[in-house]
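Okay, so here's the structure we're looking at.
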């Protein structure tokens, strides 16, 4: 029974009554369930890591660290190495980060430093958010039928005039690093823009006021005061955008060419860990699946490190503005 | 007058209540973690009277008030040492659930805090919570009338409680608190966010409410205490031990506190020499 | 007259306060302004290009046949992706049924019930890490756990893979929305003697509902557009689904499969399916905005 020593003692008028035993039971059940759900997230992540690890274990035992440095992927010869994929993953993501980063930060400045009327600002903000909403496969399709035909003459020109330069060392025959990285850049741009814009908005107005008060022009304020102040937030946006690029799958599987190849050339086909999984997994036999699980684990490790770095920087940036130590 | 140079051991003279006591608070210590917020204060809350709490900021008067319905239990580091007798039952008793305590001892907060639901639902909230079986509408209307807000809202009971002005919101919150007819009403600076006119209305309301309820009122406005409170407790701050620990300096009839205080500190405070 | 009075006052050169458009600072200023304008416009081009292509290529192919028929084989003409639309809805539905209740309950624990405990800190951190997970890993994980165990690709597996992706998004968004509920409203409810569950059910959830819904709908939109986790969990099927325990078609996988085919008919269908998918995703996005706007007044 519910313990209520007050009912009889208090005035007759009072309508107060203790929660019923049923209320108490509901409270207990509800809270335990919520606790379990919070716990479930931890268990889920642990289980994912554990499951991938144990599935990959046979391949880890067989190939060891040679898997990470090997350059061939041949299921018939049972020879598996993912160095080209690691290279392709990092290279394409870095190019995407360079392009998407500059554009993203530029847009964050454009959206937060009152360049346009608030209504137009909202229009551009919406455009950027919609850019993030478009599914990856649709970008892939767009890349195949719009971007690649558009890039081909440009790539040809670069190859013919600057072919001695390693970045332009091959022709763009179709899919390749350049279209893949460009689409990747478009896809991470909203992430970078959103987190950077947030960092700019966190800067107290008085900081800007102080700079204007000293006679700085708008861009002097932006470049010398706002940008450095927001730098840690922007860095977090860049790192998280990079993490997103590393794991992006479909658009890359459709655009990068899926060729085991380590090349500096922007126009050469390549492969990434995620698109290796996407293109090989459905038809893989048992041994190859084990190797693919190992590849998934490598991808997991890379994104895990990058994401944690990003979150740590973000945490640091937020603390800086909130004045916590 | 007693010297207050060494407040470390000072314990206020016991206030002898003249009528029946509804809530007998014997506070030895209140801690937040290692911080000692309040010490050695005995404040009986009398039936059908308004008991005012005044004192400089940081003296722990809100902490004392929030201890009376165990609101402070929501703060993890909170520790209470003492007893609060409510009809000869200790509300800090081992078997007592704070949730039950709060059902009998109502509270009105510093900032008006209606729920984002209709005016009617705001007032009916407590009735439904306590499983009231009678005529709900009648009780809601009665509470709104008693809180002197019926005329303002009778045509818009379905509107959101948040659509009202600050003063109206606070009276709505009072209506919500008294709808279940709690024995005691705790009011934590209920007028601090209100304009002078709204403040006046709420003050008049408090005087009327004491016919039915026993009211404990924290205020930082001494005039308000003189206008409303029958009995006033003055809490001071003791900084002798490093922290800022609040303690009861003097408690007596309001008139006595303001016109003939027994403690130098009280005298200085009511004269406005510090705040 | 004395010499002192004869002296002229010293000449002081005041800087001109007029605007000089050819001043180096002014030029730098306008160049940079022009640049961010260029960036903003450049970033908008892909969106408009995608939308243009969807309407011109996909729009012309959308008709009742495309929306209801099953996918064509090789050289066949006509056909459609009705089964893929159903499959997408079913799998997103399964994912929602799993992840939304779980996510909201977890969010309640993180935001209200025990916001500062160790479990909460770890759980919140891992949820953030999980949002950064490559979506294909959810597919790999579910393949290992469900597809291998049950021995078949299925709508179940696809739904669970999507749920793994939705769970952290729902949790974090719902937590954020619940934190927006003002403390003083919660205080009022506690002050009236509500149990914690009553505070949540009667105050926190109703008040935070618009924000929670926004987060949930955005997560649903994201799941609808996902394809990587479905690749080898739900696989694909050329027929309407008969049960949940068989390979199931989805719009995104259909687009992926058809995009690389050398047949115009299939490519047209891929564009048409993309149009349907984008309209679906944008619908959810707009819905989320509309719902989010009805936030409670402070």
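A, B and C label the chains in the order they appear, each numbered from 1.
We adopt the following convention: contacts are C-beta pairs under 8 Å (C-beta built on N, C-alpha and C of every residue); 3 or more make two chains touch, one makes a residue touch a chain.
Predicted model, so just to flag it, every value in this text is computed and none were measured.
Asker: With chain centres defined as mean CA positions, report which chain is farthest from subunit B.
Answerer: A
Asker: Using the touch rule from the top, point out the two chains with the most contacting C-beta pairs.
Answerer: A-C
Asker: Which chain, with its centre taken as the mean C-alpha position, is closest to the global C-alpha centre?
Answerer: Closest chain centre to the overall C-alpha centroid: C.
Asker: Roughly how many whole angstrom separate the Cα centroids of subunit A and subunit C?
Answerer: For subunit A versus subunit C, the centre distance works out to 13 Å.
Asker: Mind checking the centre-to-centre distance between subunit B and subunit C? Centres are C-alpha means, answer in whole Å.
Answerer: Each chain reduced to its C-alpha mean, subunit B and subunit C end up 48 Å apart.
Asker: Taking each chain's centre as the mean of its CA atoms, how far is subunit A from subunit B in angstrom?
Answerer: Computed value for the inter-centroid distance: 52 Å.
Asker: Which residue numbers or ranges of subunit B touch two or more of the other chains?
Answerer: 99-101, 103-104, 126, 130, 180 - these are the residues of subunit B that touch more than one other chain.
Asker: If you look at subunit C, which of its residues touch at least two other chains?
Answerer: Within subunit C, the residues that touch at least two other chains are 193, 195, 198.
Asker: Could you list the positions in subunit A whose residues touch two or more of the other chains?
Answerer: Correct list: 16, 19.
Asker: Which of the residues in subunit C come into contact with subunit A in the complex?
Answerer: These residues of subunit C touch subunit A: 25-26, 28-29, 32-33, 35-37, 39-40, 42-44, 46-47, 49-50, 53-54, 57, 102-103, 105-106, 108-110, 113-114, 119-120, 122-123, 125-130, 132-137, 139-141, 143-145, 164, 167-168, 171, 193, 195-198, 200, 221, 224-228, 231-232, 235, 252, 255-256, 259-260, 267, 270-271, 274, 277-278, 281-282, 285.
Asker: Would you tell me which residues of subunit A are touching subunit C in their complex?
Answerer: 16, 19, 23-24, 26-27, 30-31, 33-42, 44-45, 48, 51-52, 55, 102-103, 106-107, 109-111, 115, 124, 127-131, 133-142, 144-146, 186, 189, 193, 217-220, 222-223, 240, 243-244, 246-250, 253-254, 274, 277-278, 281-282, 292-293, 296, 299-300, 303-304, 306-308, 310-311
Asker: Please output the residues of subunit A touching subunit B within their complex, sorted ascending.
Answerer: 2-6, 9-11, 13-20
Asker: Please give the residue numbers of subunit B that touch subunit A in the complex, ascending.
Answerer: Subunit B residues touching subunit A: 86-89, 93, 95-97, 99-101, 103-104, 126-127, 130-132, 139, 179-183, 212.
Asker: Taking the touch rule as given, give the residues of subunit C at its contact with subunit B in the complex, in rising order.
Answerer: 116, 182, 184-185, 187-195, 198, 202-203, 206-207, 296-298
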